[in-house]
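After this come two complexes, each holding subunit A, first together with subunit B and then together with subunit C.
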Partner chain A sequence: MATTQAAPAATPSADDSRRKLSELPWPELASTLGLIALAVIFAIANPGYLSEGNVSAILQAAAILIVLTIGQTFVVATGGIDLSVASTMTLGAIVLGEFYALGWNIWLAALAGLVAATLVGVVNGLVISKGGITDFIVTLGTLSAASGLALIIADGKKTTVIEPSLIKLSVNGIWLFSWAVIIALGLAVIAHVVLFHTRFGVHVLAIGGSAESSRSLGIRVWMVKTGVYVISAALAGVAALLVVARVGAAEPAANTAFLLNSVAAVVLGGVSLFGGRATIAAPVMGAILLTALVNGLTRVGLSEFYQPLTVGVVVVLAAFLTRFNR
Partner chain B sequence: MSTLTEAASTSTDEVLTVRNLQKSFGRVQALREASLTLPRGKVTALIGDNGAGKSTLVRCLVGVQPPDAGEVRLNGEPVRFTNPEQGRSAGIETVFQELALVEDLSVAQNLFLGREITRGFGPLKFLDRRKMRKEAHDMVSQLAINVPQVTSRVRRLSGGQRQAVALARAAGWSSSVVILDEPTAALGVQETQRVEQLIRSLREKGMTILLISHNFEQVLRLSDQVVVMRAGRTVARRDTSDTNGQELVALVTGAQQDSDDNEEPDPALLPEPEER
Partner chain C sequence: MQFRTRAATGALAALSVVALAGCGEDPQSGTGTDGGSSFGAVIKGLDNPFFQQMEQGIDAQAQDSGVDIEIQAAASITDTSGQADKLDAMAQQGFDCYVVNPISGTNLVQGLARIAAEGTPVVNIDSPVEADAASKAGLEISTYIGTDNVEAGQKAGETMLEALGGSGDVALVGGISGDVTSGARLDGFTQAVQGKLNIVQTVAADWDRQIALTKATDILSANPDIKGFFAANDDMAIGIARAVANAGRAGEIPIIGVDGIEDALKAVEAGDMYATVAQYPYAIGEMGVQACQKATDGGDLPENVVAPTAVVTKDNAGEALEAFPAPFEEFENPLE
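So, the complex of A and B:
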């Protein structure tokens, strides 16, 4: 403390590397490391696991979950949760199917689905931020409302959507990546830029860290909160298109697994459920990990009844690990 | 008290005037009758025991909490901030007692929170992170002795370093009023000196300052006038040159009362009625 700005005497020595190691963002790395470990284990158990065909299939199967996970990440980063993502996606798909059945161009129909889904997000966002009602309750309500609406609109029946340009989404692509996967990864890149390189992104993390502090600095907390629910719902609208492309039909199915897995992927991605800390890459890796896990279990011949159990164990384990690293 | 009367007669010399501000939280009357005037370019100290209502007054003033009643005038114009952003854009920066830092954001991100530097145009605006980091470093190194890395999370800083960050944030903008709610509470000797130095230099730049402090010696060193709060009321005002530590203690504890202390607000605290 002798002269003016004397920096604390750093000791660049042996414990420097240890400190470097402990400063690594372990929660954010967990999903990537887990994915690598999983790949090694399954590759040993099943040589075809890492074949181009299977890797491509895993990615293709993960695309929808990736898109939903990105949206969920934004919401969780503010300290909220969106339980309505999967039903919003279903609603979007049904609206798409209805307009397609009316003879609309498929992309216009997809746009209609996107708009319908986004409206759910607007409702979520405004009721939560302006109405001051807990996110959990509000999105639980829209979970039910959106899937109910989907059932009513569809009259409980599925609409077949056979459209060559849509089939190309899942079949064509570049190397391992189908167009659906490329769309999902492209959205992830955009989301990363939004989260880390825009004012909105900083405000998302600031609100998750301390809504009170953010407010007293003049950040419009309600606008940012509404924003993340709108983003989540809009992405569910994109996922609706991917789901219709994959299934070849718009079904009023519940899709609960997508909801659970989107939250699981976010947890695997080391995002704090209290908000304030998040990345995009790690939850996306989490989404791929979950899909790769299910794919691997199937390939080694484990009955599909074991899969939800295994996924559950992995998620709780991941939550436990990231907790210790706080 | 003649100096205040002189100052009050020309409204341009009052940057901020608060009259009869009231605020209750349920049955707790945090502010009963708070009135105060900040003369332009001067340091006004606000003192009072814990729970006297000082921080509540600050929060009502800058738009964090809406007051139940009362009036705030900025440069003679009545204002009613419903959002802290309005207070900030009107040129009032605040160091809140609880600092208002976000633990998981970096020092630089905290310094620029709500004031981020961007480049690009239209909807495509991206953060200029390098510029913010550089400026953040300059801002903090003015204040801190152990300058923290501007990229490190606030969670990792010491109490004093945090306070330096919050202070640098308030002082770093070309604002006209700076409100400091106990800015040296967690600081060591050297840092306290730096903060006092900063307050003096802000004053020299012509900024108007409201300083809340429990340190009466500091108050006597830095301020031009002292306003005393007790149980939600502003009960006395003194020119710093006319008072001393003993008197301040007596006023804060209520051992010494101003003549018309009880129901009426101290007329000295109110600006003279304007003749139009």
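So, the complex of A and C:
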């Protein structure tokens, strides 16, 4: 996956190259450079960190976060935020589990979960764009409402979903990449094309830049705004399938850490929280970085009490890189 | 100038990662090059004293028998995918044996299946891996060590019979409705008191002290003739004790819980609770490491090992508190 900001070619003059360096898109490069630095540090501290098996494990663990991060990127690119992604994913997983328990084919059940999750996005989008209520409040509301719905539908209980084809999804694959990872990266490629090579993508970034001038240019802002929340929620529906495949069950009250991590990955990816500036590749790298960080900390035996602290420090430091960019 | 600031920030970021990583223990060699074995353990969140004691037990036994142990815990009790990630990270380090306490019956199955496929022993402690899920993934667990919850409930039932002299109305307070552990404890209690005590009501209080207090208050006002309460864990039993005290009947109504947490042992000593059926996460942790040793030495392991439980009443509460978190009485250990 290439970003649109390609690094300029090296020039012979030292003075010239220094000037070129300052023109590099540092915020977008932060997550990739951070990932490389992390890989070097952990590879020194813990031989075997870069072994095929471990790299594959990191990617596998990152797949769910990558999918959620892509959706979050679209929303943040318009200057919004989707706080409901993790609970939308949980709702999708529960709906999947309920239909599976009724004897539906697993893929049909997954489709039902996807539809349920997408509906949350439709509600988010319409209330925000048509209702004129702040995205923060609306998605905070759906965060609670979606997890509440999940608890009601599931009656507070988890549904075991053990299906050979689902196990294959996260165990089989090509070389380092399990099918779940391939799905996540495939979605990233599609998202990149949508963001940079379609009219919709241009409008997303334009609205993030300035909703007012976009409106005066004739862009139907409400449709684009609704669109990004629907994308985010639909991707949460895909993530629901991946999470059920990973833990073998649909659980109504689980995995709340994904919300903060998806926002953190977007920040690491240099996406402006005010909107208007975004890539897909950099936040995806950010998601992999966060996962690789926790994997490495686990391998060197750092207590889980220190892990959230470390992740927080890294996210804030990455935000500094964005801050110093003009 | 601007670039220099950025470079400095980047260097700072890298340094802080190194510094924080440095807080950990030495990197695991994992291959046992120093002659001794090295084991990996993945347990539930350490925000709960139960799992803290389990960690202490694992650590103590590893030190005792001179093996390297690396213990990782989930971030919280709902962190199912995070726990799976941690197991995967450790699985790549080639430990000689793994001790696991999964959050749910299925969340670690995939990772464990890969470990077991390489012939590495897997010892399952406390929460069992779901048998159906394990067989579908081709996972064979070397041994399971945990409390027999039906037996724990039976012990509570027998203790209640003694306390009430063989007859009377009792109420049962369970955990989250549909929970397997809670169900097993209530079933055990019911079996033990069948035909003697009259169970007037069974409610679910979600393992929560505050909810148990509320529900016990309601039960007491609806059924003034209640003679005793059984709760599926100690937290709820302590909540019930508060409700009974609020009703001005402290000490009149025997309350029995399960778990043997420190607060409950103190409540039993003070007479607020009649008894608790203590289980020993500390001993379960120790036994997990013992099982790993036996497995790596090529010994045979029993399929199931029942972890010890003991009834603690006012008579032995002092003794139990003194030995806490280790068991205060000897128990039969097939792994020793």
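As a convention for this text, the second predicted complex is superposed on the first by the 309 of 326 C-alpha atoms of A that agree within 3 Å, B and C clash if a C-alpha of one lies under 4 Å from a C-alpha of the other, contacts with A are read in each partner's own complex, and residues count from 1 in each chain.
Note that a residue touches a chain if its C-beta (ideal position, glycine included) is under 8 Å from a C-beta of that chain, and two chains touch if they have at least 3 such contacts.
The structure displayed is predicted, hence computed values, not measured ones.
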| item | value |
| --- | --- |
| Subunit C versus subunit B on the shared subunit A, clash or fit after superposition | fit |
| Subunit B versus subunit C as contact partner of A:H197, first or second or both or neither | first |
| Subunit B versus subunit C as contact partner of A:I41, first or second or both or neither | second |
| Touched partner set for A:K225, first subunit B, second subunit C, both or neither | neither |
| First (subunit B), second (subunit C), both or neither touched by A:L217 | first |
| Dominant toucher of subunit A (residue count), subunit B or subunit C | C |
| Subunit B versus subunit C as contact partner of A:I162, first or second or both or neither | second |
| Partner chain in contact with A:I64 - subunit B first, subunit C second, else both or neither | second |
| Distance in angstrom between the closest Cα atoms of subunit C and subunit B, superposition on A | 17 |
| Residue ranges of subunit A touching subunit B (in the complex, touch as defined) | 1, 4-8, 193, 196-199, 202-203, 205-206, 208-210, 212-220, 272, 276-277 |
| Of all residues in subunit C, those that touch subunit A in their complex | 2-3, 5-6, 9-10, 12-14, 16-18, 20-21, 23-28, 30, 45-46, 70, 72-75, 78-82, 84-86, 88-93, 104-107, 109-110, 113-114, 130, 132-133, 136-137, 176-178 |
| List of subunit A residues in touch with subunit C within their complex | 18, 21-22, 26, 33-34, 37-38, 41-42, 45-48, 51, 53-54, 57-58, 60-61, 64, 155-158, 160, 162, 164, 167, 170-171, 243, 246-249, 251, 253-257, 291, 293-310, 313-314, 317-318, 320-321, 324 |
| Residues of subunit B that touch subunit A when the two form their complex | 59, 62, 64, 83-89, 94, 96, 98-105, 109, 113-114, 116, 118, 125-127, 129, 141, 145-147, 190 |
